[in-house]
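Each of the next two complexes has subunit A plus one other chain: subunit B in the first, subunit C in the second.
Presenting the complex of A and B:
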């Protein structure tokens, strides 16, 4: 029988081996699925490569797809590290997008940098507000955060549907009504592109900055200490004088604000008009990204980029290799499982093969 | 008397990461005997029992039951073989009745419950052992002693032939303990073999045989008739131990008569609408240790919570230096210089997955000392922790290991180190020595006494009356949330305190 033992100290090379194994097993399982679906495996993977990182254009496209996922992944990290099981990233993306859109209408005409800063700030505030609401519900009435965030998701998603599908923000013309979208935002409200690419935009910079800020915040500030302590033992934290209700409120505001930025980035960087369908699933995928990233900001950045690549490559897989489109979320699920297993396994070691006594 | 062996271990070993829990243990249990396992914490008593009960799988060695080799994959297997275990923390469903608790999970083969049949069976067991229990009362309404009976009944109901009791009297009053030993005596007469884990020498002396364990090894098995308590204790520790440090109490004369912290008519109703605190009056003075004697669960926890700002009393006042502070936040109390050693150290005192150095600043993580321009000063914190490790003799490879990997005693030292270095007026210590080795107990008391000399006002709750008498200046006795009396330690006796606990005399000095 194989005997395993918990490690006292984490061994870095072992961790790398575990995560590499997770990748390999993930790809093997994916290949199995591709084979079952009747697709040509090598062709499918070639298409994935081609569509995600074969040239500058596809790489930038991958990064652009990664941008919102990195942000929602970070939002997950901030909450989950404190063992606050917020599922509200999805709704916070929507509310961030909506309040940013509101800002773009309100402040139209201001100098472009002030205008953009206000749009971004309002986006963050919109997400933060929704996060704060869940925290208040929990602090005041002891409402479970899973319930409140999921319910708020529904409310905000349908609210956006109303606003652009017949409500006051519905765009002019049949096209806008059919697709439930607003009028295009003004050119000055668009996030500037990076590298003249027409793909990768300023949202990516926001994501990278957010990663660094979260990394420093979680590991090197008293607030981060409190977030981590809350995740491990909130009773002891509270017992020794920390107001954990305040900690919860602040971390939910932070988590919501970051998720809100994902909404800004998607609407003002990529889509350029407010519509619900482009935001679907960003928050939920972010949960997977954050988990695969081992609930660390840096890990989330890596996982987000990989997922961006998958999203970008999947289009090619569909066209070139005739792989069913639903296979991509399935792959994401497979990788989530293998990475979670690797995450647990990296804390153990094999101490020997021994016969059962 | 002819003794037949019922259970036997042969060279049993069990290792945990970095720890030898059991090594080459040869343990022999006779039919119908009361066999005591005696040893310090971490000596391997509980691990041995966990192996016997199927919780752990031994790494090597054999377990023989009735001469046959057995391998337990889970406690379920052990129960099927007639082994029962009563844990220190009961495994009962509060909202179930006594009857439901006993039969839960017992007849998994059937789809229906025959409550009447079970009740009749139980009634006869209760009658036999003179246990008086109402089967329809909810477990949460029972006293701790009665809950323990439920646990024992559960094993008897399953026809256990071997019963393992893990420190059964730790939570009982002296009266309840006496009853328990009556029941144990009857069980042994009926041929049930009993393994009793205990720290308390008085209980050990009542057993038929004693196995002394130390550092994972079984040192010796003897009959208490052939030895003395002192000899057994020395055997367990491997050296001479004396806790009786009679000291000169001249310091007492310097005690200020004005209390630093006074508690007046403190009341608190717990969630079951019972008085957890009932008109509690206390006074803490600088340079004095006030003992709080009583069986745990009689209001100590609530009192300590109230005095550390973790519980808002329903009525009454807490006055610190002339200022009413009841209902303020725990932060406020900490900033006044009040240190707290909570009784549940892993739940309330430490963050298990955090390193030693992170734990040494728990609660003071926002203190300027540990921060540089809004960022934690990791270098300073590490140095701070390393100094404390040295100063308090914490046995650990370095300051970055998680406290989960420390032994109970060393984990407690981390709490002492933190609280001592951040408080300067009052120290609240609730059961600071519970579950610790004798050596560390001595150390903890030494440290507390040092703090008294520095002028701290100290409140020390313990179940070990003898220790309290040795260390404290005054002792208040708490029972059912009431202070039953306060006595001067020098002129009292265990008997007097015991009588106060049971409410038979009124003494107030």
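Presenting the complex of A and C:
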């Protein structure tokens, strides 16, 4: 009889085998989906490759698409490592974008570098504020963080929808009215482009710096230790004398601030006007990125770049293989589930032909 | 603002309340069974979208709304099976499973929808008609509010006592409640814990799928992304706010539905206040409700805790 047994120690090569299988199963399921939809499977995957990393232009495009995903993925890592199931990244992206936009109106005319720094800082603050709100709701009123973050996501989206769709930030002209967007931001407020690419911008630098900071913070500082310990055993942490409520508050502020940066990066780096629909789904995809990255900053960077590539390649896939671009979020969801199962399965071993006496 | 207080508008808001209530109530009362079994199914939103989408596909291809409703329930059960496999068999964290499924379904339904429409216009169907109850519907005011609803709305009302009866007066109900408090006790008696977890999840998911189908078939004539707009999450909040009791859940859903109905009417009546404020009301209300309920004595003891032998 074949039985499965829980492992006492995790075996590295077994873990690798499990995650590789997860990748293979993920690709098989995606292919199945493509086959069911009547598309040419090899053509679709070729188009995905072609549109994501075939030349310098597409690579830069992939990295530019990866930028917000790395940031929201990191925001997920910070919260989920402590087993705080915040899914407020979506809303924090919005609030970050909004408060950065507010800063861009308030500080217009200041010297460029001070102006840009203020915009970025306000973006981080906007996200942090929303994160802090969920932490306070949890600490003071025992409101489940999943519920509060979901509800705040909806509330903030309606808020943005009002601000640019009839409210004070609504842009002038027909186009602004149709798409519910603000006036374009001033040229001095745009994040500078890297490598003269007109695609990849300073937001990517912010993302890389955030990855490094989070890596050091989580693995090599007392605060990072508290985050990790909270995920394993928050009761023990309390007995050690740690104020876990404070830890929760700080980690939610950090998580929110990073997600807020994603909003700044999208609005001031890519889109150049405040508009809700370009921000949709960045936070939710970030959750998948963080999870598939194994809830580590470096893993998230890798997963974020892969997902950025998928997002960039999906445009080609739509044109060349006539596959709807929405295949990509589906693929991401499929990979998330296979990775989740692999994560649990890597803690088990198969015991063959063993009989209970 | 005064437009809101005319008799016709008030009647319309109240009648609308029960229409808005129906999908949330289906999801909430079904997931109540799941949660009483100790399972936090966070995939309610995704299950609902799946139910809505499948019923849309069936309604537009076959033209039969009955088949569409059945398809909604069926797809809910498929979602339930995946959820149960992840939670009860593989024992992935309950929260993560639900979140993962929500994300997957969000992508999957959009993908199919785009394939189905092929870039053209989305096909439409005729929405569910009203089902006025003879005699009762001719009572002035009360008839307009209560007895000119859709057939499934009456079913939703009846599902509350039905679920109550199931949970409190049947052997299976007792065992499911026991699962949420002390699964070990069932295991020691030699009763199959995993099987009962599957059953509890499937009951919840099929109700949720039905809710999704109603949302699709009663409110519009074509599918659109994010059709559910957080109704699945409101169902979860309603369960917490209702203290895990059928009656409480029912009242909480009614409150959300009333706010939702007011929001719809404000949009139609073109009142000066930004309509987004009213749209945000149910979500705001849910946070306020939860703040008021900070003590959770009535929460099933083993809610969200994976069971290992």
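The definition used in the following text is that the second predicted complex is superposed on the first by the 327 of 357 C-alpha atoms of A that agree within 3 Å, B and C clash if a C-alpha of one lies under 4 Å from a C-alpha of the other, contacts with A are read in each partner's own complex, and residues count from 1 in each chain.
Note that a residue touches a chain if its C-beta (ideal position, glycine included) is under 8 Å from a C-beta of that chain, and two chains touch if they have at least 3 such contacts.
Keep in mind that what you see is a predicted model, and the values were worked out from it rather than measured.
Looking at the shared chain after the overlay, A:118 reaches neither subunit B nor subunit C. In the superposed three-chain model, the partner touching more residues of subunit A is C, compared with the other of subunit B and subunit C. Once the two complexes are laid over each other on the shared chain, residue contacts for A:17 go to neither subunit B nor subunit C. In the superposed model, A:243 lies in contact with subunit B only, and not with subunit C. When both complexes are overlaid on chain A, the residue A:25 reaches neither subunit B nor subunit C. Once the two complexes are overlaid on the shared chain, A:136 sits clear of subunit B and of subunit C alike. Once chain A of one complex is fitted onto chain A of the other, the partner contacts of A:229 are limited to subunit B, with no touch recorded for subunit C. The contact sets of subunit A with subunit B and with subunit C never meet. Within the complex formed with subunit C, the subunit A residues making contact are 33, 37, 85, 87, 137, 141-144, 146-148, 150-152, 154-155, 158-159, 161-162, 165-167, 284-285, 287-288, 291, 324-334, 336-337, 340-341, 343-345.
In the complex of the two chains, the subunit A residues touching subunit B come out as 5-9, 216, 220-222, 224-226, 228-229, 232-233, 235-243, 357.
On the side of subunit B, the complex with subunit A involves touching residues 17-18, 58-62, 308-310, 329-331, 333-334, 340, 342, 347-354, 358, 362-363, 365-366, 370-371, 374-376, 378, 401, 405. Residue ranges of subunit C in contact with subunit A, taken from their complex: 42, 86, 90-92, 95-97, 99-101, 103-108, 110-115, 229-230, 233, 236-237, 240, 274, 276-277, 279-280, 283-284, 286-287, 290-291, 294-296.
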